[in-house]
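What follows is a set of notes on a single structure, which appears directly below.
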Amino acid sequence: MKKLLTLLSLSTLLFAFRADKPKKIIFFGDSITQAGVSPTGYITKLAGMLDKSKYELVGKGIGGNKVYDLYLRMDEDVLAQKPDAVVIWVGVNDVWHKASSGTGTDPDKFEKFYQAIINKLKAQNIKVALTTPASIGERPDNTNQQDGDLNRYSQIIRNLAAKNNLPVVDLRKAFMEYNLKNNPKNEEKGILTTDRVHLNDTGNQFVAEQMAKVIEQL
Amino acid sequence: MKKLLTLLSLSTLLFAFRADKPKKIIFFGDSITQAGVSPTGYITKLAGMLDKSKYELVGKGIGGNKVYDLYLRMDEDVLAQKPDAVVIWVGVNDVWHKASSGTGTDPDKFEKFYQAIINKLKAQNIKVALTTPASIGERPDNTNQQDGDLNRYSQIIRNLAAKNNLPVVDLRKAFMEYNLKNNPKNEEKGILTTDRVHLNDTGNQFVAEQMAKVIEQL
Amino acid sequence: MKKLLTLLSLSTLLFAFRADKPKKIIFFGDSITQAGVSPTGYITKLAGMLDKSKYELVGKGIGGNKVYDLYLRMDEDVLAQKPDAVVIWVGVNDVWHKASSGTGTDPDKFEKFYQAIINKLKAQNIKVALTTPASIGERPDNTNQQDGDLNRYSQIIRNLAAKNNLPVVDLRKAFMEYNLKNNPKNEEKGILTTDRVHLNDTGNQFVAEQMAKVIEQL
Amino acid sequence: MKKLLTLLSLSTLLFAFRADKPKKIIFFGDSITQAGVSPTGYITKLAGMLDKSKYELVGKGIGGNKVYDLYLRMDEDVLAQKPDAVVIWVGVNDVWHKASSGTGTDPDKFEKFYQAIINKLKAQNIKVALTTPASIGERPDNTNQQDGDLNRYSQIIRNLAAKNNLPVVDLRKAFMEYNLKNNPKNEEKGILTTDRVHLNDTGNQFVAEQMAKVIEQL
């Protein structure tokens, strides 16, 4: 009986302890996420919106990364860190590098590697949220060179989210809607980005707010 | 008095003669226009809609042509033919070949060569109509790889038309609207094209109808 | 004593049996290797040169594969097959797809994924041989579009072989030397390939002979 | 007799006058030629080697130009300047832009535009010299990404020179030979270029010397 009580206490203690331990969420991505941990970055801003006792946000972004680069380094950079959840944000370089260096990613392979990442995370019971690639040029009239491809790869990601029953932060859609309202001069940068791709201060705040919506689902 | 009558007769005769001579209109473009003179092509269909005594339609399309190829061969293929009017339809390869062989055309150079072609035609008092590039993929949800660029180059052409006070056959807009209505399954081909780019029978008919609208302005 | 003798006999039998079991060698690559298992393919020809009781050759080639595709499917297609040795032949698509679809592989990432494949194989005590990409165009005067890049990626592979102490089948060098001797008209195909890349009958025989030289080291 | 003397005098005067008027030579090209007129540029250095009373060197280089850009601006920038001779140096961007922006020039079109430029110059009795594109990367072991294509386009230019009976300054060959002797560490820049493409001081001097060899043929 005493033994049972002790076990119960211990168990309560453990649960209490686990409740106190913040959820570790890794943001896994490219240069946008690499910059996200700077003092004004979207991850830093998002952390400021959340209860620190409940969430520990970790940035694992590396410049130039495509989906297969995430797959290659996920054992060390993600699985070994024992996160509770992972937010994947990738796709800009997979599309962009087609034109800038001839080294983008074919859509079928983009999907295949993305699914392989999801599988590895799920196998470890890690929760996953997906993100669509926001922007390579902000002109809301659909005249940015990579608009068609970004829309396509975003659709692949939305389909993966549906298929795997995962939440998606639809930055592509959110950026388009924001620019339709706030970019009357059809500028290609300077609204949410500094250079068509990377976030300015408004962009970091905007992304943090979009991300906040799915954090509680993780 | 007799002299006057003679003059009048001659004048009538001349007018009659001029009225009998059809306007020569050259369609100047790429493989789409090359196929346009086939028995089921858009130029053949358009000719069937028009009064043959008023219009002589000539196709001068060559597969793979970009804007600078038109410029290079225009002296021989267009100016030497002494047309009354020219309908320019180019742009698909300028965009497409970026991805398929690394040999597309930069937008600033696209505009420069296009303007140079217009200048040469205007200098010979040849009337000019412009055409926007219709399609590299028919999916109406803007997920065709080259949609952004096709929209951009179409906008360059619309701006050139406005700047040079020329009529424009806005095939890009017309194809998009047609697919929004008639492509519910978001197919990339088979609606107006056989292969995302080249016209099927419906496409040839559709283009002929679009072209017919500006012919009387020429 | 009898027990000991029995054990010895059994052991002898096992050794004998193991000696009878042929070495399983997987050829891991792209469409060239996919075609290698056809009746006239290089793997089939190589098998015909070897003692079947000593070597079992298995082809695991998939068309369009680049180095990261091999990495993605190696657990299932290679490790799960428990091979004694693996011959890796990849690189043509990593270079070629830069120009043909904008989806080639950057040299630094080519090296990184290649090393990751080697590491996984070595960790399972599987022997490894590397192969340099032979040809995208056979003109021996170095005027094939991808010659510079093929030479560069071949050098990356030679360096990986040296660094990891692995044998290398230097097809790039062998093909160049063969063409210098046997391609006096500077043809881009038809000497060892049918289409600049894939092997004709002479090419399959030539590759089989080159491969044979390193098989005994595996 | 007096008349004859007058004629002789006039003739002498004319010859003297013609002898006094220097030959006007235009260097027609891209950014390398644009930089050629700087105080340390190859045109400036070449002018310093020549008798100023005999040669007037004029630079007409514009950054980013490909062969069709030269064709487009040759009426204004070359023919209107009434030169005695033109040295054409183009090709680097035609090759390079394939990989860097998807807007290079196909080899058949490169040849076609190049021949069209030669034709226009010859029609005005302007002497012409051709130049092969020197370098996009100086590694002498043929591992620079664009080596194959640069060799190919250089060969097209050599063939054009032969076909049109024109002198050629074979910079491609000269740079390769120089690097084989002077680039033992296989560096990609810093031998004759600052950045793989544009000339450093040694490069400007080297090009001036190569150009000097053909100037007297013009």
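Some points to look at:
In order of appearance the chains are A, B, C and D, and numbering begins at 1 in each one.
Assume contacts are C-beta pairs under 8 Å (C-beta built on N, C-alpha and C of every residue); 3 or more make two chains touch, one makes a residue touch a chain.
Here's who's who by UniProt: A, B, C, D = G-D-S-L family lipolytic protein.
No experiment lies behind these values; they were computed from the predicted model shown.
The chains in contact with subunit B and with subunit C alike are A, D.
Between A-D and A-B, more C-beta contact pairs are found at A-B. Taking the CA centroid of subunit A as reference, the farthest chain centroid is that of D. In summary, the interface at B-D recurs among the listed pairs A-C, A-D or B-C; the equivalent pair, sharing over half of its contacts by residue number, is A-C.
Distance between subunit A and subunit C, defined via averaged C-alpha coordinates, is recorded as 38 Å. One simple way to say how far apart two chains are is to compare their mean CA positions; for subunit A and subunit D this gives 52 Å. Chain centres here are Cα averages; for subunit A and subunit B they lie 45 Å apart.
In subunit C, the residues that reach two or more other chains under the touch definition are 98-99, 101-102. Chain contacts in this assembly form a complete graph, since each chain touches every other chain.
Contact residues of subunit D toward subunit C in the complex are 98-99, 102, 137, 141-152, 155. Residues of subunit D touching subunit B in their complex: 68-69, 71-72, 97-99, 101-106, 109, 112-113, 116. Partner subunit B is touched in their complex by these residues of subunit C: 98-102.
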